[in-house]
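In the two complexes below, subunit A is the common chain; its partner is subunit B in one and subunit C in the other.
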Partner chain A sequence: MNTEALKDLLYRLADDQLILGHRNSEWNGLGPILEEDIAFSSMAQDKLGHSLQLYTLLHQLGEAEPDTVAFTRNAPQFHCTQLVELPIGEYDFSLIRHFLFDHAEILRFEALSHSHYEPLAQVARKLKGELKYHILHANTWIKQLGSSTEEAIERLQNSLNYTLPYALGLFEKTAAEDEIIAAGIFVGEDEIKTRWQENITKILRQTALELPDAATLTPVYGGRTGEHTEHLQPLLDEMAEVFRVDPTAEW
Partner chain B sequence: MDKATILTWLEAVKDPEIPVLSLVDLGVIRDVVISETGRVTVKMTPTFSGCPAMDYMQRDVVQTLQAHGIADVTTEMSFEEPWDTNMVSEKGREALKNFGLAPPPAYQGILDLDILEYAQCPHCNSHDTELRTPFGATLCRSMHYCNNCRQLFEQFKPV
Partner chain C sequence: MYGSASTHDIPASAATGLENEDPILLAEFEARIARGEKIEPRDWMPALYRKQLIRMIEQHAHSEIIGSLPEGTWITRAPGFRRKMAQMAKVQDEVGHAQLLYSAAETLGKTREQMLSDLINGKSKYSNVFNYPALTWADSNVISWLIDAGAIVNQMANAKGSYGPYCRALERICAEESFHLKYGHDAVVHLATGTPTQRRMIQEALNRWWPPIMTFFGPSDKMSVHTEILMRWKVKMASNDHCRQQFLDMYVPKIWELGLTVPDAKLRKNEDGVWEFTEPDWEDFKRVINGDGPCNAERLAVRRAAEENGAWVRRALLSPKAKYVKPLA
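== the complex of A and B ==
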């Protein structure tokens, strides 16, 4: 097995967690109701924990310490999708992003819990249990708001239409794809995408929302190879501010 | 010095966020290994992967054993045997309930959504409760409402 292909997969997983974790944390103090403030903050904490476990696996494969990896790279070195770096916007957008992202994420970690790379399988078994609560949270609100007032439905529908091409970018394949599938490390993006479409369709059918036909959309690719929106670098600058002033600071 | 004695000493180390629950009863201490040279390794597994209390727990384990005269002691974090709430002991469940936190329901096989939403009120024991939000004051807690005694309560959430 080529370690570079494995590292590529781990960076994609870890960077998505770190960046969306940071974005979720921006709801701290701003949530539309106290419970949502706590929910997004808790999910942020989970996602940062997930990224730490994945960066630790990378460290075991010879990469730098997790903090160094998280705080010293610039945007072109990040492998996250553009979906996760978009600003939090209004609550409807953040909810739709959370719904689309976490449904893909839980399938990814379920599949990875059978990975032939045992250290990753162990971490995946742990994370998928925690992700159930993210799914429960997303489904509850999508079902509730997606069949409530005209304004709620219209806002969610607009966000869904806007976000879906970015969400399809989650399944962007890299040059490592064939190799990680052949080595039994991961089932591959196509497989996850098919299951994801089934799962989100099941939930959306219980609402007044309509899932746009993915076949007619152009997925937003590029994130996996370091092409990012103008929103990522300011996020990194803010996240790493303390570390860049004093790498030994504890807080 | 043997494993059983060390485990008894470790009963004194409590979860920093739930000070009535020992780490042994919480289930995060998976094993204690004593080498031929007398080095003690406490094998631990995290509750939640983002739990900020894990660093404190490791530090408390080391300090407690050092206070008992064990100079050479380390902790080892591993996901080999991942933690789930079925690992919380009976004694631990009782301690949680007395603390006012509904203990996590034991489950078999796959943890489905019905179990996530279920909680028994720790105040009046009613089953007529509803999940208010799966997230609470710490990563390991969810918030529920009891329709019987009309109290909001927290549950140590099952994972």
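== the complex of A and C ==
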């Protein structure tokens, strides 16, 4: 097995979780109702925990300590998709992003729970159990708000239209794609994408929202190879602000 | 997190309205409290008791959500995975406390919406310490340790009060706060025993936070307005000075143990066991509580923005067209 291909996959998974976890945590004190402050914080904590487990796998493969990997790299060294780095915006955007991202994520980790790379399969089995609740949360809100007032429907529809190209970027393939499929590590992006479209369509059909035709959209690619929006580096600078005061210190 | 901000006390001049209450019901009510029974939402209670409790629980709830802001700003900057996750969980707990407390206050007849609207328009207060900024990571650690410690002193006393829903909420809250205190202490220990930069950070943060900490329990009993009836009704369970003394007794030795100094030359424990200290500047305290502190405007602006930005969500939830979705279906 090619370790570089495996590491590439792990970095993509871990960086997505870390950055979206960080973004979700920004909802503290700003949620539309207190219960959503709390829910976004729970999901942020889960995602951060997921990224830590994945960085730990990378560490076992010879990469630096999780804290070093997470807190000292610069934007071009990150493999996350651009979707997760976008600022939290208003609640409609954050909700749509959460819905689109976690529907992809649960499929990814379900598939990875059968990975031939056993340490990853073990982590995936644990993570998918937590992601189930993220999906329940997203579906509940999308169904409820997506069939309520015109104002809510319009907001969610606009956010869905805006976010979908970024969400399609989740399925960007890297040079390692064929190799990790051949090695039985992962089923590959195409399969996840097909099932993702089926699942989100099923939920959106129960609302007044319409899913734009993905075939007519240009996916926002680049994140997997270190091309990022202008939002990532400031996020990383903020994240590392205290850590960098003295990276060798115990905090 | 919460301290006594003195604003629960009834001004000595205020009409209590007790002369309008049914004397037999009032006597029964007071006898129940004297026997140590809890008052429940549907039980008879004097209007003044209801009013004071709403005010007190509401202020406590506001203190939790406003209190989540100074530490919340450090979630995105917490150094390392361990601290980042713990900081998130800690701040999340505070918001959870607010949720619990608004529910307890709602049992007395005021809705969460009314309470939040009173917070935003300045009609109701929150703990004054949160009008000060958390300038560094170390400030956030000092809050987690010592402000939460102060809150526990206060809330453990109030958990023995007479209103059932508030007492039950406080028991749960105190259990979580004790954990925050351990978290805060651990973080402070790391800084106090760390590099010279870390030690300087924590000493400076303690110096900044000591004056607000000393006012956390409210003005000296000497200055405090008449609270006899609130004590008899077990709304207020311990005097401000009593809580402050208890706090000093428990935490000053722990601060000294870490090699940190307390920025008060007069601070010492007398032979009779009473702590002596420089009297806080109560005029400044009043000025800050009335809106002129370093962060009052900012704290309320954040809350106001959250309420305004989220208004469409609440309208949508109340829409008759909205399908009720069972979350776990």
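Assume the second predicted complex is superposed on the first by the 247 of 251 C-alpha atoms of A that agree within 3 Å, B and C clash if a C-alpha of one lies under 4 Å from a C-alpha of the other, contacts with A are read in each partner's own complex, and residues count from 1 in each chain.
Simple rule for what comes next: a residue touches a chain if its C-beta (ideal position, glycine included) is under 8 Å from a C-beta of that chain, and two chains touch if they have at least 3 such contacts.
Remember, it's a predicted structure, so these values are computed and weren't measured experimentally.
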What is the contact status of A:Leu211 with respect to subunit B (first) and subunit C (second): first, second, both, or neither? neither
Contacts for A:Lys132 in the overlay, against subunit B (first) and subunit C (second): which applies, first, second, both or neither? first
Report the partner of subunit A that touches more of its residues: subunit B or subunit C. C
Where does A:Thr149 make contact in the superposed view: on subunit B (first), on subunit C (second), on both, or on neither? second
Which partner does A:Gly31 reach: the first (subunit B), the second (subunit C), both, or neither? second
In the superposed arrangement, which partner chain does A:Ile181 touch: subunit B (first), subunit C (second), both, or neither? neither
Tell me which partner A:Val123 touches in the superposition: subunit B (first), subunit C (second), both or neither. first
Touch check for A:Ile88: first (subunit B), second (subunit C), both, or neither? neither
For A:Leu61, select first, second, both or neither according to whether it touches subunit B, subunit C, the two together, or no partner. neither
Please work out whether A:Asp246 is in contact with subunit B alone, subunit C alone, both, or neither, and reply first, second, both or neither. second
Which subunit A residues are contacted by subunit C in one complex and by subunit B in the other? 35, 38, 41-42, 45, 48-49, 52, 136-137
Which residues of subunit B touch subunit A in the complex? 46, 48-52, 78-80, 82-84, 111, 113, 116-117, 132-137, 139, 142-143, 157, 159
Any idea which subunit C residues touch subunit A in the complex? 65, 68-69, 72, 74-81, 83-85, 88-89, 91-92, 95-96, 98-99, 102, 137, 187, 190-191, 194-195, 197-198, 201, 302-303, 305-306, 309-317, 319, 321-325, 327-328
How about subunit A: which of its residues touch subunit C in the complex? 22, 25-26, 28-38, 41-42, 44-45, 48-49, 52, 66-67, 70-71, 90-91, 136-137, 139-140, 143-145, 147-149, 151-152, 155, 235, 238-239, 241-243, 245-246, 249-251
Contact residues on subunit A for subunit B in the complex? 35, 38-39, 41-43, 45-50, 52-53, 119, 122-123, 125-127, 129-130, 132-133, 136-137
